[in-house]
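In the two assemblies presented below, chain A is common to both, partnered first by chain B and then by chain C.
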Partner chain A sequence: MSARLGGLRVLLEVGVALLLGLALGAVLMALWGYDPWKAYQALFQGALGDRFGIANTLSRATPLILTGLTFAVGVRAGLFNIGAQGQMILGALVAVLIGGLLDLPPGLHLPVTVLGAMLAGALWSLPAAFLKLTRGVHEVISTIMLNWIAYWFTGYVVIAYLSQGRRSLQVDPTARFPLIMAGSDLSYALLLSVLLAGLVYWALWHHVAGYELRAAGLNPEAARYGGVRPNRSLVWAFLLGGLAAGGAGAVEVLGRLPFAITNDLSNLGTLGFDGIAVALVGRNHPLGILLSAVFFGALAAGRTMMGYRAGVPFDMIQIVQGVIILAIAAPEMWRIARLRPRRARTPAAAGPAGTGTEGTEGGEGGERERERRQA
Partner chain B sequence: MKPLIETRGLTKVYPDGTVALRDVSLRVHPGEVHGLLGENGAGKTTLTKILSGLLPPTSGEIRWRGEPVRFRSPREALRRGIGMVHQHFALVGPFTGLENIALGAEGGGALGPLRASTVRGRLERIMDESGLRAPLDVPVETLPVGVQQRVEILKMLYRDVELLILDEPTAVLTPQEAEELFETLRGLKAQGRTVIFITHKLKEVMEITDRITVLRGGRVVASLETREATPEKLSTLMVGREVVSEARRPRKATEPGEPVLTVRDLCVRGESGLRAVDGLSFEVRAGEVFAVAGVQGNGQTELVQALTGLRPFQGDVQVLGRSLKGLLPGEIGALGVAHIPEDRRKMGLILPFTVAENSVLGLQRFPRFRGALGRLRWRRIYGHARTLIEAFSIQAPGVRAPAAALSGGNQQKLVVGRELSKSPRLVIAAHPTRGLDVAATQYIRDLLARLRDEDVAVLLVSADLDEVFQLADRIGVMYEGRFTGIAPADALDRETVGLLMGGLPLEEALRARARARGSGEGSP
Partner chain C sequence: MDFAILLVTVLPVALRVMVPIALAAIGEVFAERAGVVNIGLEGILVISAFFAVVGADAFGSPWAGLVAGVLAGLGVGLLHALLSIYLKGDQIISGVGINLLGLGLVGFGAVVLWGSRSFQVPNALWVPGIPVPWGSVSPLVIVTVLAAPFTWWLLHKTAFGLRVKAVGENPEAADVVGVPVERVRLLAVLYGAALAGLGGAALSLDWTHTILNTLPAGRGFIALAAVVFSKLNPLLALFGGFLFGYFDALAIQLASAGGAGEEGQIPYQFVRMIPYLATLIVVAGAIGRARFPQAIAQPYRRE
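Let's look at the complex of A and B:
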């Protein structure tokens, strides 16, 4: 609810950050002798200039919405879940397997394939949840490792078993998303992404499990007091995130050319990691993520035109885009960074130096705590 | 004799306006063990923090060997020879005792070489002289707390302190470890070192100190030789003789009914693994306020956590005949147990959540607020929040404002209101008025009295004797995890409770009180 209340302020903040980022990018381009005005004009043209530009923008936003949701749900539960990349890759693999190898009737093939991919993503989030809950392994560590396992495993399966030239076999036409606009990449996968964003919004703010998940993320101690089982909320956050990330793999494979996975996995790119930036810019709110994903989609779509029309080299384009994204994400990154140590603070931190043990919070613990706050 | 350290007119006002110390003058003579006695919030910790350079005083001066000094950091105080051992040790867990002691005292500047052999040689000498021994070559985190404390003291001796300040050193120790600590202190005294010993335990202060300074409400109320002191005298000084400022909440005529909460042989382990609650048995009846008094840190927190499902326990706990063993906080709440936690900001509320969201924390799964498929019934939640705001006159910018925007008193009213909206049979209230202003305090105490009159069982845990005497029908005083006494409130007075809080058994305390009263009345 508070997110909605603060919506106007957030928009203002993002707007100012966007202008700052654009200005900084313009300075960089000018310094290296490119015409920033022409470059931005080309960027805008390519992304939103005509209906094909817009279709391209939305099509590229489609998987980013989903990986953005993965990260955002994690943050809401107090997690730093960066496993979307691996979950997305496995989702894509399962989409190719079900979509390319299974013969199902037309009306059934697509939903079954999408569902399979989403479940694969969810399944691949479980080791991280398990390790965290049983062994206390931080999810950043475990998901990074799981990402690599998914990457090499999928690369191996594609080359060893599915390869047809430079890519895997293609999914059957019955398992592909129908196009919204002929001649473009824009398919009804967009609808799926928007629907899932709506579902996540509903789950977080209109379902008791989402309420408990957010409570556990903000204050685990108070959540436990309030009858929440924080561990359960963590598992929910991992699973929900995994479903979304697996879905991202599915929409990428089932929604656009080459309807397959390339041998080097390059058509999947870094959709999972990009989701982190999408979520940060979208302030970890499903509605914000929709807008933010479209923004990222526009950057991706306008990139080509920027190089082609304004003659800006690809590296420069990436630098400028990085600057813009960083500017917009910075306030949120700052907030998350400030939130974390407070959660980790222990009563033993009262001493002048680090401590080895924590005594009982006895004696004048309360008094000390009070005084420290005041001091 | 010239004092080693002396303060004159020391006053400390915290930035939020709290006056922690008022015009404190303290004299500590060389070679004595000086006890600093006082209740929670009396200012003991603030005073020692100023002496050891952790906090600057607002006004007043400190004299070290007669010469005015100003410490800008603990390091400066240490250079003069003042060292403090905090309740929470400042040790690096994976480092050995030797490494911990050498850390920060390497000498030879930032790049000076650290020679383990030199440190060890000097330490062996110090250990021989003081009789204080600790293993030097194992990681300190593997050592028992009592031994870690010895490492801390050795650390200070290695830095050649003349004045050693110990903040509640026995709070984390077993009785045996405490006895060993006292031996150590006697040894240090024999070496001519000076010790300031902070405690609220009467027995300890009588046993180990030479002089005692009693603080109350940030003022020095007395400074006396230990041999002139008696536990009764000290507890009177500590607790104060002020006339109870407010009347007892009169109870309605009916007698308490059936037991709602029954506790038998309850044992609970605290954070450190020690037994924080050690074999408690009691019951709370419908229409009765049972108050658990005691100085903070004697197991009250763990007791409440065990009763509310937040901490595992041994023994038998029943609410209306249902055992609480293995139940989760939510399940216990559903049995009709309301819990007003001791820290509203850390536990009672989720500060970034809105007032509405907070108004159902713990009630979110009640059918009232949860519809089909687990859907939250927002309309009812908002209605509920508005009802609470109305019924408990909570000053809030609105139901969609974050709880962090409310003042402390209003936050507490929100917590209390929410808990009472469970229509509980048992209310567990831990320090329900701590940190609140007079009006909010009155309001909440009246509320608890009304609950009692409505036949609710109330378990009040409080360190505030005013509160205890205003509300309680029966009082149990906790000391080191046990009750030193349980008695009807009419049979006790503040001084007796003070003695019980200091660890005296009930009979002894009553006898001591009778003696004191007898002699008082004998010589008007």
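Let's look at the complex of A and C:
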């Protein structure tokens, strides 16, 4: 298949998934007596209705780009790294610590704070890498456990040492990202996210280490045969992902109100988990992630207006996200019609001659499938 | 409280805490034997916990709630099976979608039904305990303890179990000899999802007596850890479930024993970390790596 046709199909699959998510969300809202049309109108108004809406959308997209990169880099290396949540939380904590407690000259304070947060995220990715390499612990299990440990640890530090009322102390103005648009939440943190996305693109597609990382992800055995050390690539993927996730915590705390962490960590939300959806919709490619982060940023920005005008609980957005991911999980969903006649074929018709090659063909299909999903 | 005494007094609590983790783990062992991974256990737990409360509330009976929980588990299992078996989708991504759907659905449902993000289950809808000489035992604890040997028997002593293992190890060969690969996988996934559904119902109706969208708090993933720990043996999955349930219960007892957060005490946030740390340590220390079926997480395509 030509590359252009493949690209079209990817667009079609993603488009169908997004529409399906919104459509099922509408059905659910209608079932419960909400007005879906009014709700989505409010969502659109809140997200893209005026320049403040657009600024809010981009501001919401800023950390999602980074946590999306975390997941995507993992997938490229053959990992299912869902540890962005915990790494993001620790990044936010370190951002508050450096940004709020350290006195540094303006111009230096912000970069040092961001760097510290990113390193904290990278550090928290290491236990999962270590457990996988030495003990064979699957990263889905280890990263979720690490997420919860980070959650309770940060909750403790915020309440025990940093609390000022219902939130931690705020970061100094010298450690905050300057605003792009006055009166909005849109800061130059967006620029940082976009730059990091570019950097990841460059590292993965224009640098040997990235090539090796992707090769190890596609087929570790073949990569090893070709001189790649898959284990090293794996550690790089964890570290790179951790840097990005830590950065997500930093941009959230240093880029928008309340410039702190609330006692219940609620202003950090599920930015880490949302990154999974962002990466999947963005097809685990930095450019796709930029676009899909804006889409999910719009959902996050518009949901307040949706709740305000149509009374819809904001959990609706999570349902929509869930359906979108489920639709993406089965890219052949829209080809059900084409699948059916094939399944109707009887085993006898396939014949013993055909069965001999079934195994290898099935395997190749799976491999192709995998490549296509990642491409 | 004396720590040694606590270690013993926590046992009855541990049994109750074990139920959701162990049931989900035992069911998942069965499904993984058929080659289907479901990392959406967390989502099944919360969705079935929610529908169990809805069902119990609607019919005024905890038993109806348990049935509703199992049905909800089956529904989610069917969705996962449809996507990953029939549509050849990615099992891991489907699982992530289920988890996210669970968060949203239960959050949305709680607000819509009860006007609040969390809901306390009234006493009348709690699962009644079975009286025994030393107090009472939850019937769900008994079901859980029996589910493990039953699943083991199903897997190793029945023709169906043989087919399950066959489609997990070598679906092509199973297909050649006439085993309906997709249907066997479907049944295995449904069995696992039904057990997880019962576990979710136990979570809300028998143990916490509450429902909110973060109720499982990672226990679905702890169940996955128990599956790894068990090396896909249902009996060891029960033991793993008990082990993790024990640490979980210990944390809960320590946190509520009073004094947590006061001077000289361990802050309760650190106590709450115990189950997650214990899971990491146990999984890392599990001797030898689990051997998973050959065809695990791979959709079967006949061409």
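What we mean here is this: the second predicted complex is superposed on the first by the 304 of 375 C-alpha atoms of A that agree within 3 Å, B and C clash if a C-alpha of one lies under 4 Å from a C-alpha of the other, contacts with A are read in each partner's own complex, and residues count from 1 in each chain.
As a working rule, a residue touches a chain if its C-beta (ideal position, glycine included) is under 8 Å from a C-beta of that chain, and two chains touch if they have at least 3 such contacts.
Keep in mind that what you see is a predicted model, and the values were worked out from it rather than measured.
Enquirer: In the superposed arrangement, which partner chain does A:V112 touch: chain B (first), chain C (second), both, or neither?
Expert: neither
Enquirer: Check whether A:E221 is in contact with chain B, with chain C, with both or with neither, and answer first, second, both or neither.
Expert: A:E221 contacts chain B only, not chain C.
Enquirer: When the two structures are overlaid on chain A, which partner does A:V140 contact: first (chain B), second (chain C), both, or neither?
Expert: Once the two structures are laid over each other on A, A:V140 reaches chain C alone.
Enquirer: If we overlay the two complexes on their shared chain A, which of chain B and chain C does A:P331 touch? Say first, second, both or neither.
Expert: A:P331 contacts chain C only, not chain B.
Enquirer: Return first, second, both or neither, reflecting whether A:E212 touches chain B, chain C, both chains, or no partner chain.
Expert: It touches chain B, and chain C stays clear.
Enquirer: In the superposed arrangement, does A:M316 touch chain B (first), chain C (second), both or neither?
Expert: After superposition on chain A, A:M316 lies in contact with chain C alone.
Enquirer: Of the two partners chain B and chain C, which one touches more residues belonging to chain A?
Expert: Partner with more touched residues of chain A: C.
Enquirer: Tell me the contact category for A:R229 with respect to chain B and chain C: first, second, both or neither.
Expert: First partner only.
Enquirer: Output check: A:L123 vs chain B and chain C. Expected answer is one of first, second, both, neither. What do you get?
Expert: A:L123: touches no partner chain.
Enquirer: Which chain A residues contact chain B in one complex and chain C in the other?
Expert: Comparing the two interfaces on chain A, one with chain B and one with chain C, the shared residues are 347, 350, 355, 358-359, 361-362, 365-366.
Enquirer: Going by the contact rule set out above, which residues of chain A touch chain B in the complex?
Expert: Chain A residues touching chain B: 1-2, 5, 205-209, 211-212, 214-215, 218-219, 221-229, 347-368, 370-371, 374-375.
Enquirer: How about chain A: which of its residues touch chain C in the complex?
Expert: By the definition above, chain A touches chain C via 28, 32, 80, 82, 127, 131, 135-138, 140-142, 144-149, 152-153, 155-156, 159-160, 270, 273, 276-277, 280, 313, 315-326, 328-333, 336, 339, 347, 350, 355, 358-359, 361-362, 365-366, 369, 373.
Enquirer: Okay, in this complex, where on chain C does chain A touch?
Expert: For this pair, the touching residues of chain C are 39, 79, 82-84, 86-94, 96-108, 111-112, 172, 175-176, 178, 213, 217-218, 221-222, 224-225, 228, 267, 269-270, 272-273, 276-277, 279-280, 283-285, 289, 298-303.
Enquirer: Enumerate the contact residues on chain B facing chain A in the complex.
Expert: The contact residues of chain B facing chain A are 14-16, 18, 20, 40-41, 44-46, 49, 54-55, 74, 86-95, 100, 103-104, 140-141, 145, 148, 167-168, 171-172, 200, 270-272, 274, 276, 296-298, 301, 308, 310, 328-331, 333, 339, 341-342, 346-354, 356-357, 361-362, 364-365, 370, 373-376, 378, 400, 402, 434-435.
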